[in-house]
Amino acid sequence: MSLAAQLPALQIVVPLLTAPVLVLLRGANLAWAAATAASVMAFVIAVALTLEVQSVGVIVYEMGAWPAPFGIELRIDGLNALVLLVITGASALTLLCGRASLAGEIDPDRLALFYAAWLIALAGLAGIAVTGDAFNVFVFMEISSLATYIIIAAGPNRQALTATFKYLIMGTVGATFYLIGVGLVYMMTGTLNFADMEARIGEVTDQRPILVAAGFITVGLALKAAVFPLHVWLPNAYTHAPHIVTAFIAACSTKVAIYVLLRFDFVVFQGNLTGHAFQFASFLAPLALLGILIGSAVAMFEGHLKRLLAYSSVAQVGYILLGASFASKAGITAGVVHMFNHALAKGALFLAVAALAMRLSGLRLADIAGAGRTMPWTAAALALAGASLVGIPGTAGFISKWLLLSAALEQGPLGIVAVVVIVLSSLAAVIYMWRVIERLYFGTPAGNALSASEPPWMLVAGVWVAALANVYFGLMPGLPVGLSEAAAEELLRHLP
Amino acid sequence: MTVFFGIFLLTLLLIIAVGIVRAQNLFTAVMLTGIFSLIMAANFFVLDAADVALTEAAVGAGISTVLLLGALALTPSQEQDVRGGRILALFVVTVTTAVVVYATFEKPRLGDPQAPVHTHVAPWYLEKTPELIDIPNVVTAVLGAYRAYDTLGEVIVVLTAGIGVLFLLGLPGAVGRRKADDLSSGRMHLNHHLVPQVVGRLLVPFILLFALYVQFHGEYGPGGGFQAGAIFAAGLILFALIEGEREAYTILSPRLLMVLMGSGALLYGGVGVANMLLGGNFLEYSVLASDPVKGQQWGIIAIELGVGITVASVLLAIYHAFAARGL
Amino acid sequence: MMAQVLDVASWIMLLGGGIFVLVGGIGMLRLPDLYTRMHAASLTDTLGTLLILGGIMLQAGLSLASIKLAAIAGFLMLTGPTATYALANAALMSGFTPQDAELPEDLKP
Amino acid sequence: MSSVEAIQLALILPFAGALLIALTGRWPNLRETVTLVIAAALTGVVWSIVPDIMAGGRPHLTVAQLFGDLSIAFTVEPLGMLFAALAATLWIVNSIYSIGYMRGNKESKQTRFYICFAIAIGAVMGVAFADNLLTLFLCYEILTISTYPLVAHKGDKPTIASARIYLGILLGTSIGLLLPAIIWTYLVAGTLTFTPGGILAGNIAGPAMGFMLLLFVLGIGKAAIMPVHRWLPAAMVAPTPVSALLHAVAVVKAGVFTVTKVIIYVFGVETLFAEPAGGWLLYAAAFTIIAASVVALRQQNLKRMLAYSTIGQLSYVIMAAAVLTPLSEIGAAVHIVAHAFGKITLFFAAGAIYTASKKTELHQLRGIGARMPWTMAAFTIGALSMIGVPPTGGFVSKWFILAGAFQSDNYVAIFTIILSTVLNAAYFLPIVFAAWFAKETGDSKPHGEAPFASVLALSLTALATLGFFFFNQGVLDLESQLVE
Amino acid sequence: MELLGLFNYWVFAVLLMVGFYAVIAKPNMIKKLLGLGIFQAAVFLLYITMDKVEGGTAPIIQPGVDAIYSNPLPQVLILTAIVVGISTTALGLAVVVRIYEAYGTIEEDETQRQDLDA
């Protein structure tokens, strides 16, 4: 069998098997090198897969050559290709440029274990993205969750521990809910394979358990995705995790949960539950809108940079969900594109934050005052990424805002509300990003912002790569938009 | 008859569960958890799930109790009484339950042979296994072959837990500043108590032997890597309890434990990669031997071994991490 | 003929075991303090279980099953008393004094 | 050099300039030389496009093609040409003046000042040449953000507060109203590219169109039509050259320019003329003119008075555009130029007075003409141009607007113009009179003219104001293309 | 008998409820973990209940004998789930130990109070 045919498996196997090697290895630098190499390789594989998907369409890989539904199959189409790009890209970039920052925050003789956990988290997220089997999703969800708890708990101060515990409890409850849902579906269909479920649910005469299953799965995944009322774990986790870790998980972890949510709700349930589109819209849209409003509002008054960005993430998750809840092609395209673009923006922002944190005494807005003069490159990149978050034309953020608004305007009454909310939250975004930028450039330097110098060049370079990616995909949005449209087609094939 | 026996067990479960939640003293709660797991295991056995019963007994009743006690030795064992938050909690919980019960009324009845579960995928396993893999225990076949990818994930989960605990608590002699030999061999063991020590010394070899039996008998009867690993770990933990950490380190040094943790998972993954190199898919054991069936069997044996090694070493390492923290 | 005898015997043993377990359970609840209760408990997990196991062995006759049961019985013989000892010892260490009984000097906490 | 290359150059030069200024910031003389050189080069480049446009050419340049019809692209057409040429030319003058002003007042952070100034000019070029609404929006936002540091230049609490108002209103309106309007346009018209005759023609009608127009006009906050005019007085905290930039060269002009462009190329003159729902714009503009003049009448601070005068003058342009007759459209375009020269002169004068005597209030200006003859002469010319007295540029534009109004018997417009002319006279002439003929109040200490650079600059613009009365044929030819 | 067939599911529901209650209502972290354990055990019960067949035996095939075998798949899934559960518990306990060392308490409301004061 050719190497190309093995790519789907390798996507998971490479990071998954590098991790145990790291446990055997000693020495932080060696571990870092190995982990980075693995991530980069994973990214390369992801790119190759994306190209293949674009050329030949859906790729299927049977684990152990057992045909689905008896064995586990990996399925890769436009949607998860995009998700894979985000995950692996984020990991590769953050690891490449994050070494110094991590070494500063974590006890050196534990770094090897830390990198191992990081790789496992990466493999878990990628595993969720590629698999076509409902239970396998659970397994890899737990892999990624456990690993994520570890790398979050690595945070320097004690709040990291409590944040981790909260996340651990809520995450496990979410996963268990998902497991219950899968169990009920399995009970009624006798299969665990997405495609097979999709085919068989239609035949199920009594739909009650399926409805309940849909409820459990949606709630469980919403917990993982930090959808509005269930977002309480997110701010602390993002705030107290090591900065580089924040950049990594902010870019991808919630996205993956949303990906599964979309796949399950649209592919498995959409076509088979009567009035599902309506239910989906009427349950999720209000939550999305509330999330957007409240997230943005809190961010406006937040005084700590990371916390501010974390709450903005809550709002952004709302955007993605809102797009999906329209259950229209335009809507889902917008949602998925935003999934991608928000990853770009937040990744860049948190990387910049990490860069600031390496030189400044703290991350409250007061601490970063005037850093724009002492750390011009970092500050400029932060401003650029911020522009993307706000949605200034020419940046990636604008593309998704545009798509989202135009999708909303198709919707009629709900759409008008959505438009109003989106506009309001964009204004809020302007305000909270501006508060940051104003402090950076026009604030009078206090504390050690005066003496601060640029962080190691690798970090700055990484920040800039991420920031420029925002511009590039703002001007050439062909790739994400194309893949997302394909994804939307795939997800909506059940709609009349 | 079995139905009523089942109902009896289940009712007992409920009572114990409530007891666990209500108990103010955490030691009591932990002990009740152990009993809970045992009864759950018995219940699984009644429901024809021998492997699961064995695992639940070994992991749930054995290891997790030990870990909980290890944690309790380091934290206060008295729960403060709750203030507020009850109403909301009760509300949420009641809603959830109501939803579940609502769902039950259209579920297939217990043991209904016509349930989709029994008509769709499972029959294929039951009838194909003899010809494709040719081992009696279909559970092991599914676990080790058809859904081996899940099982790999499972091993990684265990490994991750190990990594996590070692990362958080450190492991003298392997992770963290502390050396193995600054563990005073005082307190957390019983070697000034003659009776337990003698009996323990007597039992340990048998336990380890039994572990090996479970490990390699997995293809034929209930058992396999996980159960074996758990039992093996239990045996060594007992040894550590009666002889003290230092002694335990002399047989399995922490560094060696870490190596084993990694290499078990690597063994598992290595089999899969080998399959790739031999031109098959990942974890397609058939290519291991000229006769695909033989290949499957070798593959299963190999990966079960990997599972056993990782599980045992991880559980042991976790125990050591907790124990050493106390000294 | 032989079969019946065995059957009856086994049932007697099973019932006896059951009664002992029951008694043990009552003892657990009714007896005044830890040590006496432990006494009742140890009764349960030695004599009670042994009788029951024996009864089952008689049911099973000479087979692999009964050998396994024998092994189990053997292990119970070892572990039960040890556990009881360890428990009592721990209790004593942590200063539970038996009611109206004077401790020997060497065991004073 | 082909026109397309010229466009590229015109867009790149200012930003390159900003970079150079940043690099040479340590040596003020070098830095200011760079500024002037860049400004001159830009002007040359921009003017080099004029003949092509005169000949009816429409050079086009696409930077990036987004999905669908969306693109970042530039096309030069008469209106934009005029605006760009104006801005570029005034940049030179303004730079000369700034040098005098900044040095004269020993301002801090001068490098940042020049950098942001250059970026702002670059953004203006983008606005002027924009080929579609999206590009225009992008450059519009860059302009807003790049001018914030200029407004907040002084950096103390009250300044920052006013600067926030400035930024808040401009960003808020643009994102909250303009962007939805643009997206709506895209949905109904399927394109955003400016096309003669309007892209909305036939795609939307009735109240919807009126509402869309509302979104656009209020969304373009830079046009300072009431009630979104508040930022302009707030921005008075800025140093005078910045005020000049805001009022004459870049910001407000970008606003009215955008509105005119939207009316001509998005709605289409004929379409809007046929649509009664669009009529409100005329009244809004008229109201703004009168109200602003009345407010100006009651101001005591010179710069604030000028600010309100600007609000009024801008609405001339909008009203002219809203009269919707060929002549009035030309008038709108011409008035952009005329007002630019006149108002920049006035601000330069105000700045010069401040530099020389630190005077900011109207009552302090009694008899100052004796001390600063050149400055006050220029001021007088500017004032006359605002009122619209020949021989000043103001007269030309007012003439065309009136002519346009008569073309369609638009008595509202006619009445408004006449009334506002009276009001303008009422608040400008007393100052001029007092400055020349009133006795100076005792307390003020003696002072002479402002630094030479400033005086030179304001004299130049004053001359231009006069000159425009005589030599305006080129502009007319250029803009008459609008209505062919 | 009809309803007895559903008894397992009801027990599952109630166990779920008990465990879930402990997770969200109890501030004590170890108690939360114990509740989580019950919560997961309930799900195990759900799956294992599915695999039971009337008159079936454990799916260990004796050649020749044509017995009815219960469904192996849920058993495999739950084997996995059990291991996942213990892993989560172990990690959670480690975190709790660290929290106790850092805060001197394992009551969640107490730690929150300390964070607010800090």
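Going in written order, the chains are labelled A, B, C, D and E, and every chain counts its residues from 1.
The rule is short, and it goes like this: a residue touches a chain if its C-beta (ideal position, glycine included) is under 8 Å from a C-beta of that chain, and two chains touch if they have at least 3 such contacts.
Predicted, not measured: the structure shown is a model, and the values here were computed from it.
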Set of chains adjacent to subunit D and to subunit E: A
If a chain touches subunit C and subunit D alike, it appears here: none
Most distant chain from subunit A, judged by the mean position of its C-alpha atoms: C
Approximate Å spacing (C-alpha centroids) for the pair subunit C, subunit E: 31
Computed distance of Cα centres, subunit C from subunit B, in Å: 28
Distance from subunit C to subunit A - Cα centre to Cα centre, in angstrom: 57
Residue numbers of subunit A (touch at least two other chains): 135, 139, 142, 146, 149-150, 153, 180, 186-187, 192
Where subunit B touches two or more other chains, by residue: 100, 105, 107, 115, 117-118, 121-122, 125, 147, 150, 153-154, 157, 160-161, 164, 168
Subunit E: positions in contact with at least two other chains: 16, 20, 50, 73-74, 77, 80, 84, 87-88, 91, 95-96, 98
Which chain pairs touch, all of them: A-B, A-D, A-E, B-C, B-E
Of all residues in subunit B, those that touch subunit C in their complex: 190, 193, 195-196, 199-200, 202-203, 206
Subunit D-touching residues of subunit A, taken from the complex the two chains share: 391-394, 399, 402, 405-406, 409-410, 419, 423, 426-427, 430, 434, 441-442, 475-478, 481
Complex contact set, residues of subunit E against subunit B: 2, 4-22, 24-28, 30-31, 33-35, 37-38, 41, 44-45, 48-63, 68-80, 82-84, 86-91, 93-98, 100, 105-107, 109-110
Complex contact set, residues of subunit A against subunit B: 1, 6, 9, 13, 16-17, 19-24, 61-66, 69-72, 107, 109-110, 113-114, 116-117, 120, 123-124, 127, 135-136, 139-140, 142-143, 146-147, 149-150, 153-154, 180, 184, 186-192, 200, 204, 206, 208-209, 211-213, 215-216
Residue numbers on subunit A that touch subunit E, as the complex places them: 135, 138-139, 142, 146, 149-150, 153, 158-159, 161-162, 164-165, 168-169, 172-173, 176, 179-180, 183, 186-187, 192
